[in-house]
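Chain lettering (A, B, C and D) follows the sequence in which the chains are written, and residue indices restart at 1 in each chain.
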Amino acid sequence: MIVQMRTGTDERALEHVLNTITAAGHGHRVIAGTERNVIGVLGGAPSQDLLDRVQALPGVEMVIRISKPYKLASREFHPARTIVHIGNVEIGGETPVLMAGPCGLEGLELLALAREETGMPVVTEVMEPDQVSVVAEYADMLQIGSRNMSNFPLLRKAGRSGRPVLLKRGFSATIEEWLMSAEYVLAEGNEDVVLCERGIRSFDPIVRFTLDLTAVPLLKDLTHLPVIVDPSHGTGRRALVAPMSLAAIAAGADGLIVEVHHDPAQALCDGPQAILPDVLRQIADGMVHVHAAIRMPVLA
Amino acid sequence: MIVQMRTGTDERALEHVLNTITAAGHGHRVIAGTERNVIGVLGGAPSQDLLDRVQALPGVEMVIRISKPYKLASREFHPARTIVHIGNVEIGGETPVLMAGPCGLEGLELLALAREETGMPVVTEVMEPDQVSVVAEYADMLQIGSRNMSNFPLLRKAGRSGRPVLLKRGFSATIEEWLMSAEYVLAEGNEDVVLCERGIRSFDPIVRFTLDLTAVPLLKDLTHLPVIVDPSHGTGRRALVAPMSLAAIAAGADGLIVEVHHDPAQALCDGPQAILPDVLRQIADGMVHVHAAIRMPVLA
Amino acid sequence: MIVQMRTGTDERALEHVLNTITAAGHGHRVIAGTERNVIGVLGGAPSQDLLDRVQALPGVEMVIRISKPYKLASREFHPARTIVHIGNVEIGGETPVLMAGPCGLEGLELLALAREETGMPVVTEVMEPDQVSVVAEYADMLQIGSRNMSNFPLLRKAGRSGRPVLLKRGFSATIEEWLMSAEYVLAEGNEDVVLCERGIRSFDPIVRFTLDLTAVPLLKDLTHLPVIVDPSHGTGRRALVAPMSLAAIAAGADGLIVEVHHDPAQALCDGPQAILPDVLRQIADGMVHVHAAIRMPVLA
Amino acid sequence: MIVQMRTGTDERALEHVLNTITAAGHGHRVIAGTERNVIGVLGGAPSQDLLDRVQALPGVEMVIRISKPYKLASREFHPARTIVHIGNVEIGGETPVLMAGPCGLEGLELLALAREETGMPVVTEVMEPDQVSVVAEYADMLQIGSRNMSNFPLLRKAGRSGRPVLLKRGFSATIEEWLMSAEYVLAEGNEDVVLCERGIRSFDPIVRFTLDLTAVPLLKDLTHLPVIVDPSHGTGRRALVAPMSLAAIAAGADGLIVEVHHDPAQALCDGPQAILPDVLRQIADGMVHVHAAIRMPVLA
């Protein structure tokens, strides 16, 4: 933590800050600049509480956090990449995965039946803490939707469910806030979290959401957790799903989750962005080709 | 609902759209423009389902909703302004109200005691559906926080609690989405909803949130519900609370909710934006003066 | 143009609107809904002036433009894709192009010399109308930077320069505003405009700009002009340039423009995002592989 | 300037950074934290060039600028508030000013005539450097519009014009970028700059721009320059102009600039937001009352 004092503050204000830091069990080091004093706080990551307190002291211009607010999700403390296993499927392994489905689909028993018949893992969204234990019985993976990314009671409950969690990004969440939400699940002892970029809110009304593919390589650097992309909700338009799917794989994503329907115009939900099965096959083939392309060696 | 067809689409595409509209029980009227056809959908507000279906049909460029997606919250259908009563306090009446408090305060019994001693109404945040009935016993008003504005199970539970609801704006919610959330509470038969603007996310890192005061006169036109402003969370800085409080009243707000603490540097939460009791008194006096000023007659 | 009246407006307000439309030489058609009247305006694209006037009339809730505000840049009126030729290079043709260079480079004669020696086309930024004719003598292509996207005098001057124009997106411009800027160049008779996505401003301070790759397939649908991507300024970080370059090609971009430097730490400008020549070669090879991958046939 | 190293970087990377800092003529101080090293750079404000270079070095996580990038506009170095005089009018003095007018108005001689007849100062927008000297002959104040806030050749020319400059905020400019633009004018020796907030771009399509009134008290702390507000362009709707005008004054603005027209529906530009003369009088009276209200003493 770095504390930047205002220009022209007196010794008393500086001492007040230093005492507050000491009282919280931290050391400090003052850098006396020509314009202002800057204080480095020593001794491990300070609490949010200390940060807030110091920010509120007289003479303090700004407090800058240096250590990241998340630890368990951080690659600095956990360099090896996490691979999440769901049935026979690996997310975060060698090969990117393709997840597809209608989100309108109702009935947990129906889902369990589908899984039994096909062997395919089933992902189901949970929307309130009370649903978690029931859904966890039938689904192979729990999905936390964009609107619930900061629903902390739900995150904690999902963290204790014994099931892998697909954590969608809040549509106006920063990358750091998103990783903080993952931290809530990890803190319950659940190490199987998959992050899913699904578009952020921007100023251009031409699309419902702006797919933030830069988040993929950024997250690959910041966290050991797998990262997938939802180009269906992330663009809101069927015609954009295929090109943005391939772009996501080229950016390094560990997989895709897309909405598909044999008759999108009749789909109960996700109509405007659901693709036809034919397009799904194009994406399935295309992602294999693109993934191979980005792994080709550079010619000498 | 207006359906805008792509330039150069054939008759079959147009008929497919018209049939879909008819099948949903709506009439239609085609406006044949020089560049493209535009279809007006008749017979009341169409469902979101129809809107999504039509959007997904071949040849459709864009679907524009004409009727507002909220009804109960709309002033068009309920022109008289709602006044919410909490104890002896009126929100949305003649005089703007000032709500103040620390948000760190714990203990429902403690709150109930405080209310007994002072007669002041107590507002408490609820964060999950399960908390609602317990909190409703002790608090005079339930607060739904910014992160829970779209937590629909929580909104429905609050709607059935028998208590007035203070609904904070999601920090990246549009005005329309916010009114849609109010609609969830109103739909349970609870007419006592107070809207609270508390800052939206913008691109400038100089502030945590950008207080959107234009929301106040906009909402006064769109809805009959009272509107208050939270300049503490809405700016994130103590020095900005007083001027933005008075600006909120000048913009027509029905009240303010501010964080106050006798020693903000020691406050458990809301440190950087909590004001001292002295500043609270300045705001209390200032808001009376400003409210009087905006009601003064124009000189002939 | 569609005019949506407020619920409950009287006949006089409606007539005032209809007369204004007629006076501007347009026809109209009223759709009487259950809640409100909606007016369709006939007879070609209305002027912005008419749109603004009608918006200001009593009883008007909203005016919705149906026809696009740009024509020359629109694919609806010009379905064949434009290929821009610069020396031997084609932008918008079969093969994506890779443009690379330092932006600190000074001296027009130096540039002309470099071109003579290497045969490589030279792109130079113009920052004010007065520079255009001089720069056009030495450079093969004029670049309009992000901050000048709406500098209309500069756009017009570039349109009359006889040189192809590389038009970067304003970092907070909508796609429609960007195409409107291209329209200014095209309107001067210059058909050689290349659009360049270079990141938009968003709420997350983790990056300087959010690269909007969805703009690529969107533009491919809306306009006949070639679209390239600048992943250097569009991410602001060297480590993100290679993955986002490949993602741009996978999304369908006609090319890339990247900053490269043999010693980025010594580069006069563009330090944080300039890549080493080795990485440039990786991108050059990678883009060929990815471009081949997205053109592979789907397996039967 | 603070340099934050990545966790686990070796001595060589640290030394490379320290050498780069020393070579640029700065001192340094290393704070060895438990997780990472942090370097404080001493000896005055470092150049943007040094900042960029260090950011690009191996092992550097982030560079944080501590000193503000603007000096002349800063209140730290110029605590006394600037009052700009235009004719008999003072902007930034005791009384807030009201500026009103149509922006469609053409003809510099016409403007000069109007000024002669009425004595009122005339403000005219300049859109390219070449216009500055001609407009400066006829107008009392030059306006730089939102789209030109970062047109540096224009800013420099306006700085040498001998006329006060009204500098509108770019609709997606941060406060810091805005002050940097003011710095360009001030650097030419022109101390008469008035800042004008006119709305920023946000995610909610319900308004064209979001008026950022928090900018007013923020700027009052950061700069000595006067700050006025444009509620007409800043809201884009006539009905919002009066309440937001009074809110601006309550927030501490030094004045307002509003669009007025005797028949807004016929106005050539600014139709949707132009107000009637009657409303202008309401604002003129209201701002006097509100300004008096915010200066009233707190009751004991």
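Here is the rule we use: contacts are C-beta pairs under 8 Å (C-beta built on N, C-alpha and C of every residue); 3 or more make two chains touch, one makes a residue touch a chain.
All values reported here derive from a predicted model rather than from experimental measurement.
Looking at which positions face the partner, chain B and chain C present mostly the same ones, since more than half of the interface numbers are shared.
The greatest centre-to-centre gap from chain C, using C-alpha centroids, is found for B. Look at where the CA atoms of chain C average out and do the same for chain D: the two points lie 27 Å apart. Once the centre of each chain is set as its mean CA position, chain A and chain D turn out to be 36 Å apart. Distance between chain centres (mean CA atoms), chain A to chain C: 30 Å. Shared interface positions of chain D, defined as residues touching 2 or more other chains, are 172, 201-203, 205. By the touch criterion given at the top, residues 172, 174-176, 200-207, 210-214, 216-218, 221, 235, 239-240, 243-244, 246-252, 281-282, 285-286, 289-290, 292-294, 296, 298-299 of chain A touch chain C in their complex. Touching chain B in their complex are the following residues of chain C: 2, 4, 6-8, 29, 31, 33-36, 38, 40, 42-45, 64, 66-67, 76, 172, 201-203, 205.
On chain B, the positions that touch chain A within their shared complex are 20, 49, 52-53, 55-57, 127-130, 147-148, 150-154, 171-172, 201, 238, 264-272, 274.
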